[in-house]
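Following: one structure in structure tokens, then a few remarks.
Each chain carries a letter (A, B, C, D, E and F) given by its place in the written order, and its residues are counted from 1.
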Amino acid sequence: MIYNLVKIIDNIIGFKTAQAHCDIPCKIYDPSTAQLAALSCVRLMDLIQEIEGKDDMRVADYSQIARLVSEKESASTEVKEAVSVIWGDYFKEPQFEQVPNMHRLAHNIMVQASKCKQNIDRKEGEALVELVNEFAEAFWFTKGVGVYRVSCPYPPRLDVVYPDLKG
Amino acid sequence: MIYNLVKIIDNIIGFKTAQAHCDIPCKIYDPSTAQLAALSCVRLMDLIQEIEGKDDMRVADYSQIARLVSEKESASTEVKEAVSVIWGDYFKEPQFEQVPNMHRLAHNIMVQASKCKQNIDRKEGEALVELVNEFAEAFWFTKGVGVYRVSCPYPPRLDVVYPDLKG
Amino acid sequence: MIYNLVKIIDNIIGFKTAQAHCDIPCKIYDPSTAQLAALSCVRLMDLIQEIEGKDDMRVADYSQIARLVSEKESASTEVKEAVSVIWGDYFKEPQFEQVPNMHRLAHNIMVQASKCKQNIDRKEGEALVELVNEFAEAFWFTKGVGVYRVSCPYPPRLDVVYPDLKG
Amino acid sequence: MIYNLVKIIDNIIGFKTAQAHCDIPCKIYDPSTAQLAALSCVRLMDLIQEIEGKDDMRVADYSQIARLVSEKESASTEVKEAVSVIWGDYFKEPQFEQVPNMHRLAHNIMVQASKCKQNIDRKEGEALVELVNEFAEAFWFTKGVGVYRVSCPYPPRLDVVYPDLKG
Amino acid sequence: MIYNLVKIIDNIIGFKTAQAHCDIPCKIYDPSTAQLAALSCVRLMDLIQEIEGKDDMRVADYSQIARLVSEKESASTEVKEAVSVIWGDYFKEPQFEQVPNMHRLAHNIMVQASKCKQNIDRKEGEALVELVNEFAEAFWFTKGVGVYRVSCPYPPRLDVVYPDLKG
Amino acid sequence: MIYNLVKIIDNIIGFKTAQAHCDIPCKIYDPSTAQLAALSCVRLMDLIQEIEGKDDMRVADYSQIARLVSEKESASTEVKEAVSVIWGDYFKEPQFEQVPNMHRLAHNIMVQASKCKQNIDRKEGEALVELVNEFAEAFWFTKGVGVYRVSCPYPPRLDVVYPDLKG
């Protein structure tokens, strides 16, 4: 990860992360919205898969699929929107210097979120969670906030990057 | 019904229903939006059930199910939102005194509307209509407006609580 | 009103209002949504006018204007949408025969709702309520349901056309 | 087409198309939004039909149907809304004189867009595209802008009416 | 706090927090959405207050007020919706036993969020953040997850209740 | 412009533009939506500026500002969303090779659209139109479709890049 490298250099030469102007006049940026939405994708894929196992599909099952797919569609869209806002509004030159691969990472999230719309395969969802975690890690790095990884306290209980605020 | 009891006492001791401040500076509250949405849930369940009877399901049928389920989802959400607004914005201390079980009733409607999302069983929809009727009855009671029950003038032609405005 | 004329003839020759096919496979049509929204326009105009009287305007007042204008915008849009749906989905040849001026009436409502967006003058709001009442009258006529007019049970307490369902 | 007739007369007697006041204080009207949405309906019908051919339907297929139907629903709604706005906001007396059948045409588009929601038959979609093309032709006529027809540069590659702006 | 009392008893008698069924078949509940939205209210109030200090207000300033008020309106609505969903979908009998004042707390948040819509006074925003923190504390308690309070890593840098996931 | 260079080379060596897979299974991509929205920003800025000239501002004027600002906000958001969709869904490796500066261009549009939200200065709007024109030019280049520039047929009558479809 290029920003891990930057992070090390950052620690050595005491480079100050630039953030002040980026928060004015804008919203409160937090990647947790995108992370929650990515986790929802995986969760909904799991619920869709449960129906796959059924022998005899009825109208109630098709109805349930329609509901879950619609929710998965919304969750994938929310990932895209939440990442677009942070990439488009918060990331400016100083942040791009700290995270040189950010354009690529943001675009990869768009592509992966589309795959999560087009598929019901859990692996696509897990890949989305991982990309959004990477995005969160980069974001918190530009804010000078450390992170840790731990399983989220609800299904699908995947590893999530959280800011280390407890001190 | 606790508020029927209050209503009787109200008639005896001439207690004045409090409403003035609740309408300022807020919107025009009317439970008819929630009632229409609840009726739509039942109607859509009926249309979904019509497909259940088919021998040979085709893509056109799955498509129709997806449409009807999506509408049912919206109608259930609209019930929740319309009830939340009246419960959250209009109901204050004076109204809670008149309808002591309102928190419970509002919460029951949330739970029942979720059941209508998760199921295609008409009985769940009828239960939602009944709860929302009860809510409308309570609302109009706090406004000092009498009500009557009559079959609505369109399918699913269930009994609906209307304010008695004709005088 | 042309449909009042039709109504009289209808009463004489026992012409049967056609409605059955219009309700399948569609939503439950009810002009009350449009009527509520039109009343909200007037109510919001009244609240905006209250600020007009103030001597010394502060940021809190400009903020309140922005809120009320945004709500008025939404209410006007809701009138347009609710009328468009009934005009576009429910009205077919049999209804147009019963209400020959319906295209004109629907269009007038669009124009008047736009005026309510562009103005804060109560008279424009009252004109919208009146047009939507006329629309409701025409709608219930095509359903073979009688109507009555009475002041609505909340501000702005204007006359509203209600279906006469009590029997 | 009645407005083609008007167009010829217009060319002979040099009648000036009226438009100035209609653009103030409103939005920038352009039928291209409605045309794009109508094309999307046909495209989505094509994608839905591709699944029809499959022997063995699985949950992934039902999921895909649900997605495509939901998009088709949105596209049909967008046609309705885009046409409603131009019909309701831009068309006033001078334009109705130029296009006397506009009420009928706008209503036909509403009806046809509903058919595109209820069906997956490409012919319904093609009929919608044709009606919206006719609407675009009428619109540009009232603006005094010539048009040409050419296949759109993406699937479903149907003929689309474009304004002739190149001069 | 009543649930702090329950918490103590819980620790003594080893009562197991009930959660399993509440997560099926529903969404991933997380109060962080409501907390972020409440913080945004305060932030936007601060930005609105900055304009209050200006001597000479111009159209650009009124425009900025309109933008900030609209965002504040959205943020307040988001608090209401996020809390309504958790209260209405996640909270069932076992959770109400653990947090007996939950109906009251949820309703207080609705009322306070409305105050944040009607006012630009920071104190109303701070009160909302505090209520939503209390809600988050109650939520995590029912999940058996400990919490800590720390200043959020962006303006308005108020204390926020976070789940203690690091272990 | 890097893609103008590529275009020349393209003409010389007969390089075939890659597009087939990008249109499946996705929507019909067309930058005209983004262009219309960018033009609306400028138009709304013009309407806002008209109020600036007034001597005596009244509540009706503040109301009008609030409306216009809200529309400008929506138009700017629509630019962002329409560009995000094409950048995120349609642009893949083959297109990035043809338009190497696309990440930068897409990001610049996000930044400029935010400026159009924060300002009422027409120059910011014109800069947005220009960037979106550049985006449209790049898009049509990847589709192998030529373009021309001409004043749009409605206010603000700025130059717009159109695909050259007439042949």
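As a working rule, contacts are C-beta pairs under 8 Å (C-beta built on N, C-alpha and C of every residue); 3 or more make two chains touch, one makes a residue touch a chain.
As the structure is a prediction and not an experimental result, all values here were calculated from the model.
K.L.:
Which pair wins on C-beta contacts, D-F or E-F?
P.N.:
D-F
K.L.:
Taking all residue numbers used at the chain B/chain D interface, answer same if over half belong to both copies and different if under half do.
P.N.:
different
K.L.:
Which one of C-D, A-B or B-E makes the same contacts as C-F, at least in over half of the residue pairs?
P.N.:
Answer for C-F: the repeating interface is A-B.
K.L.:
Give, as an integer number of Å, the spacing between the C-alpha centres of chain D and chain A.
P.N.:
38
K.L.:
In angstrom, rounded to a whole number, how far apart do the mean CA points of chain B and chain C lie?
P.N.:
22
K.L.:
Return the distance between the CA-based centres of chain D and chain E, expressed in whole Å.
P.N.:
It comes to 45 Å between the two C-alpha centres.
K.L.:
Out of chain D, which residues touch more than one other chain, so two or more?
P.N.:
25, 62, 66, 70, 118
K.L.:
Under the stated touch criterion, can you name all the chain pairs that qualify?
P.N.:
A-B, A-D, A-E, A-F, B-C, B-D, B-E, C-D, C-E, C-F, D-F, E-F
K.L.:
For chain C, which residues count as touching chain D in their complex?
P.N.:
Of all residues in chain C, those touching chain D are 25-26, 80, 84, 87-89, 91-92, 103-104, 107, 110-111, 114, 118.
K.L.:
For chain E, which residues are in contact with chain F within the complex?
P.N.:
Chain E reaches chain F through residues 58-60, 62-64, 66-67, 70.
K.L.:
Spell out the part of chain D that touches chain B in their complex, as residue ranges.
P.N.:
Listed in rising order, the residues of chain D that touch chain B are 48-49, 51-52, 62, 65-66, 69-70, 73, 117-120.
K.L.:
Touching chain A in the complex: which residues of chain E?
P.N.:
23, 25, 27-30, 32-33, 36, 39-40, 43, 47, 71, 143, 145, 148, 150, 152-155, 162-167
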